[in-house]
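Everything on this sheet refers to the single structure shown next.
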Amino acid sequence: MCRFIAYTGEITLMEDLLFNAENSLVRQSKQAKMRVNPLNGDGFGVGWYPTHSDELPGTFVSIEPAWSNRNLSQIATKIPTKHFFAHVRDASVGMPVSQSNCHPFQYGRYLWMHNGRLDQFSCFRRLLLSELSDQAFDFIKGNTDSECAFALFLDEIAFDQQASHSKLVQGMRNTIEKISDYRRQVGASTNAFINFALTNGQESVFTRYSTLADVRPASLFYHQEGENIIVSSEPVTENSDYWTKVERNTLLSVCANKVVAEALF
Amino acid sequence: MCRFIAYTGEITLMEDLLFNAENSLVRQSKQAKMRVNPLNGDGFGVGWYPTHSDELPGTFVSIEPAWSNRNLSQIATKIPTKHFFAHVRDASVGMPVSQSNCHPFQYGRYLWMHNGRLDQFSCFRRLLLSELSDQAFDFIKGNTDSECAFALFLDEIAFDQQASHSKLVQGMRNTIEKISDYRRQVGASTNAFINFALTNGQESVFTRYSTLADVRPASLFYHQEGENIIVSSEPVTENSDYWTKVERNTLLSVCANKVVAEALF
Amino acid sequence: MCRFIAYTGEITLMEDLLFNAENSLVRQSKQAKMRVNPLNGDGFGVGWYPTHSDELPGTFVSIEPAWSNRNLSQIATKIPTKHFFAHVRDASVGMPVSQSNCHPFQYGRYLWMHNGRLDQFSCFRRLLLSELSDQAFDFIKGNTDSECAFALFLDEIAFDQQASHSKLVQGMRNTIEKISDYRRQVGASTNAFINFALTNGQESVFTRYSTLADVRPASLFYHQEGENIIVSSEPVTENSDYWTKVERNTLLSVCANKVVAEALF
Amino acid sequence: MCRFIAYTGEITLMEDLLFNAENSLVRQSKQAKMRVNPLNGDGFGVGWYPTHSDELPGTFVSIEPAWSNRNLSQIATKIPTKHFFAHVRDASVGMPVSQSNCHPFQYGRYLWMHNGRLDQFSCFRRLLLSELSDQAFDFIKGNTDSECAFALFLDEIAFDQQASHSKLVQGMRNTIEKISDYRRQVGASTNAFINFALTNGQESVFTRYSTLADVRPASLFYHQEGENIIVSSEPVTENSDYWTKVERNTLLSVCANKVVAEALF
């Protein structure tokens, strides 16, 4: 089910959240606290927006566990950034561990992560793919439900690199509705865990959602201190007062130093 | 455009053809003789049929170059086999180097390799995929034209694990015709290099073919000595008298200690 | 502190102990039961003795976690063997995860594994290395205490490929005494966890030992059923009656279908 | 024998020299022009000095070939720097391809690369190691002659992070003299190829040297345009007028926008 972290704020190095914090993402890769299966050792990825005049993020992904990758510790300590996404993966059973399956996925300015599982994906994958535009279809390089969801989203915003905040929010809602619709069409009645994360380097949209009302979605928290905002699968520091739990069925927008929560459906 | 070797015959270790021969496959991975670009350093794979009562081959693939992979040298010297496929890859531009893209591809008893390139693949990939059965569609894990061709073939033989020799040959012919048809439909008029290799562990089928009459297909040779038969992209030993060149537009069957060549079209 | 398994007996495939058993080694790589830190995700290795006339084992090692390595599942299901070692690694802090640091280590007919830690190794490493013969010194390729212990052992048996059982046992004792002596010389007074495993493909020697009397050594168990003998860091099947615990300060010999325990010191 | 590039000058991205130039380092990894064996596919590494207030370089190394590593293309296009080293490796026969053996090697502010081979290294390796300080001995993590030479150098400058230019130059000379001395002691009379590269992020020292007068050392060139200075194993652009060949037996200093060549011995 994975773990992720998103940061926006003052220029920082990624090391604080990835390595130094009490419950840093790399610690979560070995021993996440809010998962039944605490291990997220099936590769990882980071995507950061440069501080110079380049709107496109850089990404670094690996199929190795985050805890033993020497390059990650270098990247985390040497690259200043105001905005980054990071993800440690716990692959669904049978899914290959490959670079193409590592989050965050990138298209132009956008980064996308998923903490969850679109249950019974194999049953509606072909249907989903058949509905994609050629551009979205060709965009997909790996095997994950998460990347297919991103392709759906890109179609929803018509691959617009300059999409407005409201367009991003609407795209996210439409994406989840389409997924729910495809699942209905094939009779997929189990729960889908849908914690998505999207950013364009300026503003971000997150969801905490499960398709069944009686199943608790994967956890999601945020913390704001001035302009610095962290959104993550679980608190990264031990002081839990510090963290606000995102309620279920929520879409969270982080934009212009503000965090706004609204009901998804 | 890759290089491959296929062996059938007495029980042997793979090391002779993979490492020891003057122009062994691992040497070809660094410096193939019959290619303009001599390098095949984008991963490799072997598939061998066990000598005990197990009809399904084992495979070993890696994204590392064959020449520096310490596990390959172990596997090549320790596993007796009467029948194996081996492949070193030169990835087409833009194609990821991943385990899912390494040859040989496997389905049940079958192994499949490709030395060539289905030019303009991106133009007819979606058309090809749309024509596949669900089983063939779901079978595909990677990004290559080669694996898609194998999926086509599996549909042609209806995924039959006990397909007769003539059915395998007909399946191979149909596969190439379908590829040519899909290419025609999208106006792909450049050459496609179609040297396929298929085996079920008992008998094998190879092709040497190019879709344009004035383009020479990738090279293909074989050598027979008693029951031992080697088919490979280029001669593996220096004595070239030893090797028979497969003519263009040929389908080569290796079956019951015999090599039979017939015109493809 | 790692986990390991050793098997000798009837011809088998490695998959039963590596994958299928309730507490298989691959399960232990994610969630070992008898360790405070249950994770052994820093690479793995297997060494098996071929069933044909080849006295030298083959090895397969990887820096990837055992649970997601597709080649391991192939090797485990396709290679018959009467005798094998397998190991999943939890690297000591600061130790690189590299193929050279994966167990089992091999010299000629011998395989060597270690479940434990020679505490304060950095303090006596240079002293230990300075006492090695040139052959033993040059043998070392990686950074681990475990490989240095094996080099010590090889010196103790004078690199003799035909060493008798008593010579192997004496070599093991001498190796541990030397390690203890080097540690004393540099004032290393913390505990060293010394569970070693050695085999020549016919007979094996194991130790369960800690240098401090009040520290419990790492666990070690064995199970015998006819000629089939398994020695492993923890029971591999759920039926614990089935397994005999090896007492601390023990040297265990597995030889000619017999398991013999004797006090180490 | 490897290939390397060093850059100092205005803030740039590494992509120009690593990917875009006619004879970029990544092209050299596949097809170097000034080597008998053109292939440098045994891993690579880059070390860059951040543009913010951090004197210590970041490094990124991999055992994969440079040409197919997707992370390298990201790092090369997203990280601004005024000073970097980059290296593609052709491993000497028998040397493991591992991250610990990738150049550049780092100690604090220093980066070190080697294009060459200390022939008969196995004969004088133990002698060299025995002469090292404990700090230098413990510094070594891999198996290469190149890293041992760096350890020697670090001893020569007493691990001084603030060593003056003249101290760096003297340290380089002493390092080569010691290597030559150790080789003489063991009767190593073949040629050693000694093209070293050292930097502290401000100034750099290079050598082009072979121990035998009748053997041509590995190639070395530089190009200066204003404050931008490139030193590399071979010209990176096609216009060869642009490049100054470094004469054999030369120590080249790059310091304060100047390139100064002096005879080594």
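Going by the order they are written in, the chains are A, B, C and D; count residues from 1 in each one.
Basically, contacts are C-beta pairs under 8 Å (C-beta built on N, C-alpha and C of every residue); 3 or more make two chains touch, one makes a residue touch a chain.
The model shown is predicted, which means the values in this text are computed figures rather than measured ones.
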(message) Tell me the rotation angle, 0 to 180 degrees, that brings the C-alpha atoms of chain A onto chain B, to the nearest 5.
(response) 180
(message) Looking at chain pairs A-D and C-D, which one is connected by more C-beta pairs in contact?
(response) A-D
(message) How many angstrom lie between the centres of chain C and chain D, each centre taken as the mean Cα position?
(response) 39
(request) Going through chain B residue by residue, note those that touch at least 2 other chains and give them in order. (result) 70, 96, 99
(message) Give the list of chain D residues in touch with chain A in this complex.
(response) 48, 50, 52, 54, 57-62, 70-71, 74-75, 77-80, 99
(request) Please name which positions on chain D make contact with chain B in the complex. (result) 30-31, 39, 41-42, 63-65, 67-68, 70, 91, 96-97
(request) Flag every residue of chain C that touches chain D in the complex, lowest number first. (result) 96, 98-100, 122, 125-126, 130, 134, 137-138, 141, 143
